[in-house]
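By letter and in written order, the chains are A, B, C and D; residue numbering begins at 1 in each of them.
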Amino acid sequence: MILSGKGLFSARVLENRAISPSTHLIVMIRPDGFPEAQPGQFVSIRITGAGAPLLRRPYSICDLTGEALTLLVKIVGVGSAAIAGTRPDEMIDLLGPLGNETFPDPVGEDAVFVAGGAGLAPIVFAIRRWTREGTIGRSVLLHGAECRDELLGDVTGGGPTEFRCATIDGSEGHHGDVVTLCEQLLDAGRIPTDLLYSCGPRGMVKALVERVDGRFAAHYTSLEAIMACGVGACRGCTVPVATESGAVMKAVCSDGTVFRAREIAWDEWKD
Amino acid sequence: MILSGKGLFSARVLENRAISPSTHLIVMIRPDGFPEAQPGQFVSIRITGAGAPLLRRPYSICDLTGEALTLLVKIVGVGSAAIAGTRPDEMIDLLGPLGNETFPDPVGEDAVFVAGGAGLAPIVFAIRRWTREGTIGRSVLLHGAECRDELLGDVTGGGPTEFRCATIDGSEGHHGDVVTLCEQLLDAGRIPTDLLYSCGPRGMVKALVERVDGRFAAHYTSLEAIMACGVGACRGCTVPVATESGAVMKAVCSDGTVFRAREIAWDEWKD
Amino acid sequence: MTRELELRIGNVIFQNPVFLASGPAGYGAEYAELIDLGRLGGVVTKTVTFEPRPGNPGRRLWETPSGLLNSVGLENVGSKRFFAEKIPPLIDNGVKPVVSLGAEDWDQYRRMIEITASVEAVDAVELNLSCPNVERGGMTIGTDPDLLYEYVRHARDVLAGTAIFAKLTPNVADIASIALAAEEAGADGITAINTVVGMDIDTVDGEPIFDRVRAGLSGPAIMPVALEAVWRIARTVDIPVMGVGGISSVGDARKFFMAGASAVQVGTAIFYDPALPGHIVDALERDGVPEPCPGMREAEE
Amino acid sequence: MTRELELRIGNVIFQNPVFLASGPAGYGAEYAELIDLGRLGGVVTKTVTFEPRPGNPGRRLWETPSGLLNSVGLENVGSKRFFAEKIPPLIDNGVKPVVSLGAEDWDQYRRMIEITASVEAVDAVELNLSCPNVERGGMTIGTDPDLLYEYVRHARDVLAGTAIFAKLTPNVADIASIALAAEEAGADGITAINTVVGMDIDTVDGEPIFDRVRAGLSGPAIMPVALEAVWRIARTVDIPVMGVGGISSVGDARKFFMAGASAVQVGTAIFYDPALPGHIVDALERDGVPEPCPGMREAEE
């Protein structure tokens, strides 16, 4: 599927709210002409100012309504800090919507969402949209983080049926990693097994594939990779995908961001 | 003369006032231990933030009292814009005081000061200090700029006996360049001829040397050059100075900033 | 004091001297929604090799201060699919392709030239004699004037009437002498520069960023290096030079013309500023192409 | 997994492997108020030539993206004044000088080596075989392994017991082979890299920034280039390598050790952060010297 209509936009910041000590929810006025987008698509933001980093920074669309475009930005370096520091009325230069493969609509089925850290962003978009549109059955969101301060809470607005979190240090929710939480809930028969949607650190997604993937009818994951062009041109963001004729290189930006998790040649994909 | 005591300091901004559309007067709390300095000395400021320009930016001391250190900053590029954008309570990382040759005290004599644009800074320091200390006789400040908006006005506080300005476009004061103004005042016998102190664009100082220098007992000028170290080490800021055995290279930062204007080999010094 | 916009190489005409560099823009089509490709002098397509190449495993991109390291490794669909699928959409949309031909080894290279000769729609090629990411061929050819002569000579012999640019690596002691060898072998123009060899290390895991360790540095960091290479080459050869390397503003493009370039290519900058190539065309249309610096043609000091 | 801080070259001991690079810090004394020179492994003094040199006319410095171009042209006071006036204050203050010796031509070089041999206080030198700013000698020597061999060999023969570092230019196709020539000629260590050749143009007056056109690029922009050079050299020679080029943080310094360097030099960064060399010493004292990457010694792919 090739989604078209991408372009360069300048978006005015409406609201910038810290939802954890290091993460901001940035709501912008949807720019004129900004195309319809699907969960799993992203925008790429130009960092400006004296000698800012060269490359744009990719951010999943966290929500898109008729009026607003929302991003969830975790501060991890200079680019994210600049974006998280924007104030209402400032303009953000963005390229998008990018990505051609998105989270497929559950069309009424139940779904489990596993989100690690800022991987929550595209998951939130999926839950909000499908809940608004009534195309999802029961939805369970499992959100993992290192500690309480890293948890992003349920920022889904018209959220999931059920929300649970896990912290490695046990400071809130399940004590341990979110994959183990998922496993335990599966063992206990407490969560549905139709669809699994995930986004988060590679280690988390890989663990999902190894430990729980087979127990779901399908597992879709939105991947991240360092990107330059965002449009499939530079071949910089590739991920090895297993095919019958061996691993082939797919571009996360244009062949994704969403892949069937078990197709990824995880062992050949180094961070 | 080698002035010592230079060091790295962090100075808190007390006040930042625009004195023209492109120029700011920045008053900082004099940092603990910041040494005594003389007119013609400067500080070198580190521009921070993501990928800011590498080199520090040199700024003449515009005033130094027991409590405050003042700079005059004209916005011409990214570094000056960053400094001019600092807000009260922000800290400025500065290296100084730098420069070993300074404007000599007039010890009671009369003096003419010619300042082009932001070249006003070290001149202001000289006038304020010598007026405070009562070591100067009659003082005339001639200040030139392109147009009214570029004029900095008489920011000297306890200022000179007389202040005149010149604008190239005639939008304020004498219509024409400040050197011609100086020449006319000399011709009319309206200004003293003991000492001339100058600072400004090279073209201005060169014209002073060519056209009026000989009519003063002495002419001292504070020079500018692109600098890296600011301490005489890198030999990047050199100016050719005529000596009996031909031109020798002197460092503006450590052999200056003040030179006898007629010693500069102006024709060999390209900008 | 400005020059005409049109760039002519034999019978081949480019409407203006602003190109997309080989690689960053892929096959062109990927950027068609973001850059008005038809307004440019041409699009140098990403280097194609006779057989498809999967490219390098592991990380492929890494930012450095004002620079970008890449280790894409010439991933491409191979000559067959390239000419069948990638060239027609460009031509159909009024985009002028300059086909970048890779050289893995002599045999592959000959076959690549041969198939290119058979494609009538293509009348301009750039020989990538300089990619630092390929083990065989690539960089070796670009650093050895004799070998380079052979490669260019062969292309010249087979591709009559085609405009041939030889793209050089800066990772040599004297790029001008390499350019001279290309000129003598019959190249119609020189493209300079390809990426500068570099690497980076992840201090957390204590390992090189890239599986293949070395990568190619591009972006503003290398602009002064590219500019000097263009200056030196333009003083040495009589054929036109395409300047490339770190151009990230209209002013940068102007510098390359002043250094003696007849055309410019924009690479890395399109990642953050896809509007730049168009802005350069605007500026040249408005102000003309800058003349070379007066000192450019003077004898070497 | 860390190494000792002390660096030993024969009988010459440096208390730690952190140095100031030749040039930016002048003769050392200029920075004495800002950098605690006695805490460092040593200070490589700015290159000195037998006769004094006035340096280049015109502009000497220009900033580029994350880089600095310089065309100082080896301005120095000459060997006589250097040994009489510049070395004693360093020694008296407990600072370890490494004397950078310039090579204008064979004759001047021989006299430079001779006078150096007569100064007992000096037991470490760096041969600057690579400055791009001098017309005669300089870059030519550093790009020609045979010539370089002669120069290093001569220094080795005359300066018995002295630690000799050969400083190399990156402006070559294969810096490792040059390093090998230096090792074979008897150098005790390699310093890499000197500046990368570059230039810039003033778009307002349409003239090159520097009178001599070409200049040397330093600073963070060249860090990936320097790191790769060090990696390649360290895999090739058995003598210690001093890494230099764009080090602007403690993390950068760590990268050079991981790439195989036995010591690091800080140049351009002291202009904006004079505290950096001290911070690197602090970090090494706290965490030890990082081990080379596991892959560093493996056979070349």
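As a working rule, a contact is a pair of C-beta atoms (placed from the backbone, for glycine too) under 8 Å apart; a residue touches a chain by one contact, two chains touch by 3 or more.
Keep in mind the model is a prediction, meaning the values are calculated, not measured.
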item	value
Path length in the contact graph (subunit B to subunit C, fewest steps)	2
Reference subunit A; chain at largest CA-centroid distance	B
Separation of mean Cα positions, subunit D and subunit C [Å, integer]	33
Where subunit A and subunit B are represented by their mean Cα positions, the distance between them in whole Å	55
Whole-Å gap separating subunit A and subunit D, where each centre is the average of the chain's CA atoms	47
Approximate Å spacing (C-alpha centroids) for the pair subunit B, subunit D	36
Overlap residues in subunit A, where contacts from two or more other chains coincide	51, 53
Touching two or more other chains - residues of subunit D	65-67, 219-220
Touching residues (chain side subunit C, partner subunit A) in the complex	23-27, 30-31, 33-34, 46, 54-55, 57-63, 66-68, 70, 72, 75, 211, 219-220, 268, 270-275
Residues on subunit C engaged by subunit D in the complex (per definition of touch)	64-67, 69, 135, 143, 171-174, 196-201, 203, 206-208, 212-215, 217, 219-225, 227-228, 231, 246, 248, 251, 254-255, 258-259, 290-291, 293-295, 301
Residues of subunit B defined as touching subunit D within the complex	4-8, 46, 51, 53-56, 95, 226-238, 240, 248-249, 254, 268, 270-271
